[in-house]
Structure formats: structure tokens, C-alpha cells
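See the structures that follow.
Look for chain A in each of the two complexes below; its partner is chain B in the first and chain C in the second.
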Partner chain A sequence: MAARDYYSRGQNIVYNRPVLVVFAVIGVFLVFDIFRQLGTGTITATDLVSYLWNGLVLGMSLGLAGVGLSMTYSILNFANFAHGDLITSGAFAGWATAFLIAGLGDFSVEALVLIGGPIAVGSNELGINVVNTPLALLAGLLVAAVLTAALSLLLDRIVFKPMRSADGVTLMIASVGVALFLRNFLTFSFLTDSRGLTGGNVPQFTLGGVTFGGHQITLVLVAALLMLATHVLLQYTKIGTAMRAMAANKDLAKVTGIPTERVVKLTWGIGGGLTGCAGFLIALQQGTLTVTMGWDLLLLVFAAVILGGVGSIYGAMVGGVILGIASRLALVWIPASFLLAAAFVLMIVMLLVRPSGLFSGRTTA
Partner chain B sequence: MGSVAMHDTVSRRTVMKSIGAAGAVGLAGCSADGGGSENTISMGILMGVTGGLSEVGPAIRDAAELAVKQVQDADNGFSVDTQFENTETKPSRGVSGAEALINGGYPMICGGLASSVTLQVAENVAIPNQAVMCSPSATSPDVASLEDNDFVYRTPPTDKLQGSLLAQIAAERREKESAAILFLNNAYGNGLSNGFTKTFESEYGGEVLNQVSYSAGRSSYTSQLQNALDGDPETLVIIGYPESGTKIFRNFYENFNRADMDILVPDGLRADDLPGNVGHDMTNVRGTNPSSAGPGIEYFRSAYEEEYGSAPGPFNQQSFDAAAVLMLARAAAGEDDGTAIRDQMRAVTDSGGEAVGPENLGAGVSLAADGNEINYQGVSGPVEFDENGDLASAVYNYFRYTANGTENIEQVEV
Partner chain C sequence: MSTGSIQARAEGWLGNNDVRLLIALALAIGGLYALFSVVLGFQLNGTVNTLRRVAFLSAIYAMLALALNLQWGYAGLFNLGAAGFMAIGVYTMGILTAPVTASPPGFGLPLPVAILGAILVTGLIGGLAALPAIRLRADYLAIVTVAFSEIVRLTLRAPEFANTRIAGVAFGTGGATGLSLPSNPIRILFYTDPAATAPAPNALGAAIFSAVEPLGIEETLVIGWAYVVVLCLCLGLLYWLMVRIGKSPFGRVLKSIREDQQVTQALGKDTRLFKIKTFALGCALMGLIAILWRLSGGYASPRMFKPIQTFYIFIALFIGGTGSPTGSIVGGALFASLLFEGPSFIRRVVAESLQLSNAPDTLVAAIVELGSGDVIPLLAYSVQDVSISALRLMLLGIVLVYLMQRHPDGLLGHRKAIASSVDLSQRETREDDYE
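After this line comes the complex of A and B, so read on.
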């Protein structure tokens, strides 16, 4: 009897969702192919672990950067194109602080606040890394979070609040304008030089031939902590409940007496803070910073958020990690020049199979 | 809240009004210029001062404007009208910027900088509109093969020469038999990569194990490096600009235990602040860049330093030359007409006639206008165009990175 049930359910899937079945077969085939290549020695276990690790690092940065984007989407219902430049703003704010704390006395304040750039501050002489200057980095992280949250609130007050009743497309276009403004403001202040940030002997661990960079580990750990904190906030606090209520049904939330405008402000604040942290940590891991950092990343962050389910915060986290790992694991089959293609193919497949993403229907929570 | 909101609306409207008024004034200012008399030289400057070339672009622009200033300040009855357009190192922005220049009535363009931008601008704007173009830094071999009716010139040598020079250095001086290339996926990167591969394999019997391309603005280049280093090549050629170069070298020193591997780079990756930004000693890196030492170099250096307070950087000499040759050709042509200017480009550079250099550029312009034969002596070396509008010969620096900058090892003529 049970066997027949399974059989007819399987039959149903094959008839009703042939696309799903085809992709599932391809997926299983790829997994087997990895084991086959491991068996024949085409790739080594070391390669595989290093692909997975690098993918996890990229994934955690995408996931953390995506949480803020997903939050504003679920509460305010628009795709915020200024998100990439909020990431960059956070990185610049945080690193200016870290430079100032680490180098005060040795270099001019002006050079430090401008993070080197045209005035040479050799990143090696400053020697910022997690072991040498943990306090400077911690302060940088905090400042990045606070200033980006403040910037988000300010932008909301100036640009988005007067447009609260406008539809999503109008808000999206406004956010493109904000993005251009932010990027050009940063260019105006910091110029477009690509600058080195970290220096000295950055600690790293080698386990069985795979290198785990100290700053990669820092990014993964701090990002995981921040994600956990977001989860606790959403699930176990009053404000989290209010946010979830508002994401589920705005009008109903209002009728119930939830102060919607306050929730919107908190969303910008918390989302902005997480975004600032993401920018600071990504710059720490990359070791370099340019004014286009966030914008270059934005397409991938969007892909991660779509993969996880637009508007779902857990979706953004999981989507980021899946996308990161998939894009690095693709090295097993394709050359490094086309890695991004693999990430976006995965996103397209997800849109075909499950258009609303992995965590669809679970707005915010 | 209500009253605050109302006050806001009012003030916002006032602000909008004043912005609108300012915009109208700005537009009125634009429409006033354009057009020119016989003694006004109109030259468009089309360069990327942001984007991929943001580190070197602004100084290249300064050098071209120094040439303009020399002519402007000289007491020769000529004035120069220039308009600047920023390409952001993007072909699409380059094309729209060039269109703005053509619409503004400029018959010649000093620029663009990146080969990819220059090629698109030449094909889509300059050649169809019969405007003369002279690039101070486009080095891709593809520029030579444009069907340009002789409208496109450049003052740096083509990468065909540099690609084979790098191959020669890898094979003869560094005695390498295998190499891998990591190159930026654009006209510059492709041109150099193919030039290197061709010479290294056919002339020196070496083997290029991997040719890996990359795009600018990625968060990490570890995977690309991993691909390139597959099979343990003896040397690695990295082609690109400092923007991605900083990240590539960081990834290289952090994730691969091969800090002493021989690396070769072309001119795009010669930047004195690179070791500081990479945060690692880069003494394993050597490279080549077009030398820029013609007869007027000392004069140019001091004039540049006096004007801008810093030493000239890469392609600055070529930029001065490009602007100077264009202005001389325009003076000789006597009118703002692209075809007439084109016909004078070789006349003012070929040997024979009055020698003109940076120190007497202003006088040279009036000499050329009076119909005298002129022989422009380039700041960057001999400027003499072959049938493609490329330099007939070129001198390169072979350099290496030191702990905190770069130094020349020797000069090589190709």
C-alpha cells in the first residue's frame, strides 16, 4: 500500500513537473561525477575542500550582505539598488576608523581618515590584521554598523519617507538615484584609487594542504554570529514579532496597533547596521577597497536573495551560502573565467523550478 | 509631524526651484561656446579618469592639458578651445562622450586611453564622422588593423611589440621554458596575451600552459590564479591594471606558497604604490613599459612638476605628444576640418624641416600655420607614424619592483 502511494506520487511529479525531474537528474549526475573525479584523481580531496571553503567564505559575505536587502524588501516592498553602495559606505566608514586607531601618531590624521589613497600609507607599515590590531578592527566594525544604520535612516528620512505610498517601481528608481549619489559622494571624498588595507603577517592555518586565511575565518565567524543575533531578534523580541507581522500584512499590522512607521525605521536601522558590518568584513577579507566594491557585488547579492526567496531573511542567508559554494564548486567542471555563469545558471534553474525561491511564503521569518 | 511635513514641502520646492534656475544658467553657458575662428584650435579630450584607469588617467589628462597650456600661453595669436569628456574607462561612455565632442564641433580628439574604449570610439564615432583621433595610451594591436582611412593615430608603441618583448625577456633573460598567462579580458589583455604566446611558442620554442582571463571588480581572483598555476609553469605573466592587480597580487601572496615565483607584467601594472597597496614585498616581479625619453624630456619634466607639483607618471609623455601633434597638424591645416588635419599628421612629424619640441611648441604652432615644414621631436621619443598610424619604432624600459617602488634595469629598442 505504502509503496503504491510513493509510486503514484512519483508518477505525479514526473507528469506534472518534468522540468524539476530533469534538473534533479542533472544534479544527481553532477554529485556522482564529483565522486567519480575524486576516484579517478582528476581532482584531489584538497581541491574539493578548498573549493568548498572558498565558496563558504563568499557565501557568508553574500548572505550577510543580503539580509539587509531582504529586510527592506519584505517591509517596504521594493528592491533597494542603493544597497550595494551602503555596503561600500560601511566599509569606508569602518576602515577610516580602523586606520585612525591603528596608525594615530605614526601618520597624519588626514592620510589615515582618507584610508591612504593618494597620500601613501603603506598597508604593510600600518600592519592591520586580526592578531596585531584586534581593537582597531572591532572599533571599525562598530563604527561601520552605527554609521551605516544612521546613513540608512537619514536616506529614508530624506528620500523614501516622502514616497511611502509610492509603488515599488518608483521607489526602486529613487534608490538607483541614491546609489549614484552615494557612489559619487564616496568618489569625491576618497577618490577612485584601489587601496590596500591589511598588512603584516596575516595568520593562516593549513590543514591537509588547504589554506584557511585568518581573515576568512573571521568573516565566517562574525557573519554567523550576526545572523544568529538577527534570528534571535526576529523570533524572540517584541520588535521582531512586529516586523514579522508587518511583513506578512501591512494593513492588518496597522489595525492591530503596531506603530508601522517605527517598525520601518527600525528595519532601516537594523538592516543598515548589518549591511555596514558586511561591507567592513568583506573589505577585511579582500584586503583591498575601492568605491565600486558594493556595486560590483550587488548583482550577486540580488541573486542570493532571489535564490533564497525575496523578502525572506533566512532565505538570504541560505541563498548566499548556496550560491557561494556552487560558484566555487563549479571549478570542478569549468575554468575560473566563467565561474559567475555557474552561479547565475543556478539562479535561473531555481526561478524555473520554484519561482518564489527556497524560502518562499515565509516572509521575514 | 504634520506641520513639519508641510514646512518640508515648501522648503523642498524652494530648493528645487533654485536647482532648476542653476541648471538653466549652466545650459546657457554651454550654448555660448562652440564654433571657432581660424586662429582657434578646437580639440576634444576624451579620457578615462575614473573606472579601471582611475589611478593613471587623471595625470595623463594633465599632461595633455600641459601641451594645450603651452600653446595657449605662447604669444602666437592662437588660442585653444578644449572640451573634456570622461569615458570612465567604459566603451559605452566613451562613445557617448565622443559624440558630444563631434556635436560640439571638435574635429580632432586626443584620446581615448584604454584600447577597448579607443577601438569603439574610433569605429563608431571618429571614423564615420571623419574626425582625427590620437590616443596617448591605447596599445592593443587591434588599433593598427582598424579600417580607419588614416584618421586614427597613437603615440605609444603597439602591444605586438611589447608582447614579443615580454616573451623575449621570459625566454632569453629569465631562461624560462614554460609560462602561464592571467590576463584582463579586454582588447589590451587579449592583444598582449596573444602577442606573448605567439612569440614565446614559435620563436623561442617555449610552452604556454594556461591562458586564463579575468574580469575587473571580482571579489577574489584565487580561483583564476589556481587555474593559471595548474601544471607548475616556470613563470607567470599577469596582464591588467592596478585596480584588479592589487587584489590579484594579494591573493597570490596570501593563498599560494610561491612568493619567489618569477612574474612578468606589462606597462599597465607598473605603479610605484602597488607594493604598498599589496602589502607584500614584490621583488619577484619584473616587467616592461614604453620608455618615454625623447629630446625634450628634461624640459617636460620640470614644466610638469612646476604646473602640477608631482612627477609625471606612465603615458604622460605620450599624452603630451598626442596633444602637441594634433595641435600642430591643425595649425598646418589652417581650418577645423578633420580631413585637412589628417593630411597634415605625417607632415608635422616626418623628418626634415624645423625642429619643434615642448620648449618651443607655441612658436611651432605659428610656424606650422605659416606653411613651414615642421619636424616634431616627441617627449616620449621619436614620433614618426607608419602606414597604420602606429609608431615606426619604439624604446622600452625593462624594470623590476623594489621593496617600495619600481626601478629601471635597462632600455631595450624594438
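After this line comes the complex of A and C, so read on.
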């Protein structure tokens, strides 16, 4: 009987979701192909582990950056195109602080804070890395979180609060304007294209031919810690419960007596803080800072959020890690210049096959 | 006569006739630029060239806004991938016309055939992209289309396709360095052999060139203006087409989809098919307009088709107001002349009229000097290359937020083409019927 049940259920899936089945078959085929290539020696186990590790690092960056986006998407119901530039703002604020603390006394404040521009201090002169200057980095992380949260609240007050009743598309277009403003305000103030950040000997471990960078490990650990903290906040605090209630049904939350406007502010604050941390850590791992770093990441972050299911915080985390690993593993088959395009294709396929994402229907839980 | 009645008369004169409105706008913008140029004593050639640039970009953005208006203003399809379809149009044309012997090689077809081919390819890809995409919510559609345009750009940039051979046919996109396009076809009017490096003018060319030479106006400028005239004719044609589509049964269905898709379906219309057709038509038009845009430069590169290009068109559309063809043209002209070209013109005006010292190294230094009452260092800092383009984009951001907050329907949004054939809001209300 049970076997027949499974059979009919399988038949149902094949008939009702043919596209899903096709993609599942392709997925299984690709997994087998990895083993085949391992067997024939086209790729080595070292290659594979290094793809997985780099994928995990990218995935944790995307996941952490995606949590804030997913929060605003679920509670305010719009795709925030300014999110990428919030990431950049966090990185600039945090790194200005880290430079200031690491180099105060040896260089002028102006030269340290203005990370770019003609008078800025070179990264090698300061030698910032996780072993040499842990305190400067910690302070940078905190400032990145606080300032990005403050910036998010300010933007909400000026731009989004007067349009609370507007529809998602109008808010989305306004957020494109915010993105343009923020990015070019940074360009105007810092006059920079790209800037080296870290220096000195960055510690790293090599295990069986695979290199694990010290800053990569820092990013993965701190991001995991922050995600855990977000989980605790959402599940076990009153604020978290209120946020989840609001994401599920705004009107119902309001009649239950939840101060919705305060929850919206908290969402911007918490989401902004996490986003700032993500920006700081991504810049640390990359070792460089550019004005377009967040904007370049934005579509990938969207992809991660959509993959996991819009509005689901865990979806953003898991979606980020899956997307990161998948896009690095894709190197087995496709040249590096198509990695980004492959990630976007994955996102489009996800939106078409299962628009609610992997964690469908679980808003902010 | 009181100012109030002048204003009322001006509004009556302009408000009733869209053509008059557009001509008045063009004269106002051109007059503004010309006035500043004359007052500041710019050279005639430079002034005429500035006007040409403004007119060229206004026409291009007006046409792009019209095409986008067909998708967003009429059918409610939020296409954030305009830049990608523009790139497909330009690159198809470029690859089809490139000589077989060139590097990267092409197909060596004549330009009109290539343009026709590019329109077909862009429309086809637009239609195919629409097949799955139109099922999506507006915000998902936006993300999918912007991702699509990035996929197009990354593919065109990829070294793998820069100079490739597929099924025995050699062609290429030129990769990150870009692709040479055929020279401006308008040159045929003025030269006997337009393809030559130093072509000899024909009878018309010789007559015009010698007529304007005493004024210090160069040959390239005459050609540029001739091209602008052709573009304005294209714009007029496209405007006529849009008005016709808007009034046709097809256009009425589109507008009813925008208002309420379910009602339209209930009336027996296949809304899916209408949306796919509109999307394909809009994309094909964007491809064509992009070809007109790039033909004047003779060169295309993936850098020109970043998402910001799409946002430019949306800003133009939103300034004018969605849903009204006249609004699209007004928006395109205002965007190109004031927001896009304005800042660099202002920069020239500032640089000419004030004796600017060397710019301070940092914004902090400029602000410190401002604190001591000296505005000049901050101005000098602001008119540097990097900072003026950043300021321009900051301004665009502010305009976009302002429009969304205050005028989500744009300047002429109140004239949004209505869905029904009679204006229901104008209907006489007869309250006595209910008593």
C-alpha cells in the first residue's frame, strides 16, 4: 500500500510540476557529474574542498547581508534597492573608524578618516589585520553597525515614512533614488574608486592543499554568531514575536495592540545594524573597499533572499549559503566570467519554479 | 493685463495643444542654453554643439521613455531590464554589419537589413523573456528583468564571446573593449564616399559646409544637426504610433489590464497574449532606439548598458508622467536637458565666470574654508570631474525620491490615458436619480 501511495504521489508531481522535475533531474545529474569528474581526475578533491570553502565564505557574506533586506521586505513589503549602498556605507563607516584607531598619533585624523582621496594613508603603512589590530577591527565593526542602523532610521524618517501607504513599486523606485544618492554621496565625500584596507601578514592555515584565510574564518565565525543572535532575538524576545506577527499580518498585529510604527523602526535599526556588520566584514575579507561594492553585491543578495523565500530570515541565511556554494561549485563546469550570470540564472529559475522560495510561507520564522 | 490672466491664457494656449506645448518646451530649453552661452561669450561652434548634444539626448530619451511607457504606462509591466534589450539591439546590429574580415568578424550585411534583423531579434528575445516573466508580481518582475539585463551585459563582456566561432560561423562581441559600429548613415547626404577617411563632400555638402564655414561651424557639427533632425522625425513617428496604439482596441485592452487584470480576463480577453505582445513590441522599439543612439557614436561597449541606463529612462518617464505619450516626451526632454546635461553645463558656467583656485584635496578642507566664509574652495571641489558627476547622480536620486513622494504620477500624470473610451470621471452625476 505504502509503495503505491508513493507511486501515485510521484505521478502527481511529474504531472503537475513538470518544470520542477526537469530542474531536479538536472540537479541530480550535476551532482553525479562532480563525482564522475572526481573519478576521472578532471578536478581534484582539493579543488572541490576549496570551491566549497570559498562558496561558504561568499554564502555567509550574502546570508548576513540578506537578513536585513529580508526583514524590510517582509515587514514593509518592498524590495529595497538601497540595501547594497547601506552595505557600502557600513563598510566606509567601520573602516574609517578602524583606520583612525590603528593609526591615531602617526597620521592626521583627516588622512585616516578619508579612506580615499589624494592624502589618504596607505594600507601597508598601518598593517591592519585580525592579529595585529583586533581592537581596531572590533571598534570598526561596532561603529559600522551603529552608524548603518542610524542611517537606516534616518532614511526611513526622511524617505519611507511619508510613503507608508504607498504600494511596493513606488517604494521600490524611491529606494533606487536613495541608492543613487548614497553611493554618489560617498563618491563625492571620499573621491575614491578603490582602496586597500588590510596589510601586514594576514594569518592563514593550509590543510591538505586548501588555504583557509584568517579573514575568511573571521567572517564566517562572526556572521554565524550574528545570525544566531538574530535567531534568538526573533524567537525568544517580545520584539522578535512582534516582528514576526507584523510580517505575517500587519492589520491583525495592529488590532492586537502591537505598536506597528515602533516595530518598523526596530526593523530598520536591527536590519541596518546587521547590514553594516556585513559590509565591514565583506570589506575585511576582500581586503579592498570600493564605492560600488554593495551595489555590485545587491543582485546576489536579492538572489539569496529569493532563493530562501522572501521574508524568511532563515531562508536568507540558508539561501545565501546555497547560492554561495552553488556559484563557486559552478566553476567545475563554466568559466569564471560567467559565475555571476550563473547565479542570476539560478535566481530567475527559482522565481519561476517556486516564487515563494525554499522556506515558503514561513515569514520571518 | 494682470499676470494671472497671462498665465491663464498661456495655460489655455499650451494646455490644449500638445504639439504647441512640446515646441514651447524645446524653445525654452534651447533659449536657456543659448542665453547663458551668449552672456558668457562662448564660441559659436561650441554653443551650437552644446545645443546639438542637448537636442540629441532629449530626442533619444523621449523615444526611450515612449517605449517604456508602452510597457509600464499602458500595460503595467515593470521592465527594469531596458538596458539589456537596448544592448541586444545594438550588438545584433553591430555583429550583422561588421565586415567578415574585421576583428571581431561579423556577417557583412548592409545597415538597413541589419537594423531590421536587430529589431526582430530584440522583439523575439523580449517575447521569449516575457513568456515566463509576466506571471510574476511587479516587484519580482523588476528583479528578474534587472538580473536579465545584467546577464546580457556580462555575456557581452565575457572574453569567451569576444571573438568566437559557433557552428563554423565566426563572429564576436569584442568583449570588454567594445564593438565598432558602422559610421553614421546620415553622412551619405553630405559626402560622395562616406566610408573614406577623408571623404570629399558632394554638391549639397559643399554648399552647406562653405555656407557655415565663415561662422566657424565645423563639418561634423552640420552632420550632427542633420542627424538630430532625423531623430526628431523618428520621435514624431513614434509619438504618432503611440497615440494610435493608445486609441486602438489593442491599447484599450492594455489600459484595462493596467487597471484591473481580472475584469479584463472576465471580458474574454487573453491578457497573457496582450502582455507578451506589448513586452515584445516595447523591447523591439528599445533595441531600435538604442541603435539610433549608438550610430551617432559609432561604437558600443558593455559599460553603456549598466542598470543605471534603465534608471535614467525611468526617471525621464516619471518626470513626464506615466501613461501619457506627451508626458513621456516632456519627461525625456526635461531629463536630458536639465538633469543629464545641466550639471556639466553649470560646471562650465561656474568655471568661466569665477576665477577658481586649485581645488582643495578633500571635502574636509573645503568645508573648513567654508567655515571661514570662503565659498570658492567648496565650489572648486564640487566642479572637479569626479565630484560633478557624483553630484549629478545625487540630484537624480533626490528627484526620484521627491517624485515618488509628491508626484508619483509625474508632471503630466493627471493626463494618464484613461482605460475606457469615454471619460467616466467627467460623467454628469445625477443625484436626483437616487432619491
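Just so it is clear, the second predicted complex is superposed on the first by the 362 of 365 C-alpha atoms of A that agree within 3 Å, B and C clash if a C-alpha of one lies under 4 Å from a C-alpha of the other, contacts with A are read in each partner's own complex, and residues count from 1 in each chain.
Quick note on the criterion: a contact is a pair of C-beta atoms (placed from the backbone, for glycine too) under 8 Å apart; a residue touches a chain by one contact, two chains touch by 3 or more.
Here the structure is a predicted model, which is why all the values come from computation and not from measurement.
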Inset, instruction - Overlay done on chain A, so just call it for chain B and chain C: clash or fit. - result: clash
Inset, instruction - Quick one: classify A:Ala24 as touching chain B (first), chain C (second), both or neither. - result: neither
Inset, instruction - Go through the superposed model and pick first if A:Leu331 touches only chain B, second if only chain C, both, or neither. - result: first
Inset, instruction - Name the contact category of A:Leu180: first (chain B only), second (chain C only), both, or neither. - result: second
Legend entry - Which of chain B and chain C A:Val202 touches, first, second, both or neither: first
Inset, instruction - Once the structures are superposed on A, label A:Thr292 by its partner contacts, choosing first (chain B), second (chain C), both or neither. - result: first
Inset, instruction - Counting touched residues of chain A, say whether chain B or chain C comes out ahead. - result: C
Inset, instruction - Have a look at where A:Ser61 lands relative to chain B and chain C in the superposition and call it first, second, both or neither. - result: first
Inset, instruction - For A:Leu191, decide between first (touching chain B), second (touching chain C), both and neither. - result: both
Inset, instruction - Quick one: classify A:Ile282 as touching chain B (first), chain C (second), both or neither. - result: first
Inset, instruction - Using the touch definition from the top, say if A:Met172 reaches chain B (first), chain C (second), both or neither. - result: second
Inset, instruction - List the residues of chain A that touch chain B in one complex and chain C in the other. - result: 162, 187, 191, 335, 337, 340
Legend entry - chain B partner contacts - residues on chain A that touch it in the complex: 54, 58, 61, 116, 120-124, 162, 187, 191-196, 198-200, 202, 204, 211, 213, 282, 286-288, 290, 292, 296-297, 328, 331, 335-337, 339-340
Inset, instruction - Show which residues of chain A lie in contact with chain C when the two form their complex. - result: 78-79, 110, 113-114, 117-119, 159, 162-163, 166, 168-174, 176-185, 187-189, 191, 299, 302-303, 306, 335, 337-338, 340-341, 344-345, 347-348, 351-352, 355
Legend entry - Residues of chain C defined as touching chain A within the complex: 78, 132, 135-140, 142-144, 146-148, 150-151, 154-155, 157-160, 308, 311, 314, 318, 361-365, 384, 386-387, 389-391, 393-394, 396-401, 404-405, 408
Inset, instruction - Over in the complex, which chain B residues touch chain A? Could you list them? - result: 8, 50-51, 54-55, 185, 212-215, 217-220, 222-224, 226-227, 242-244, 246-247, 250, 254-255, 273, 275-280, 404
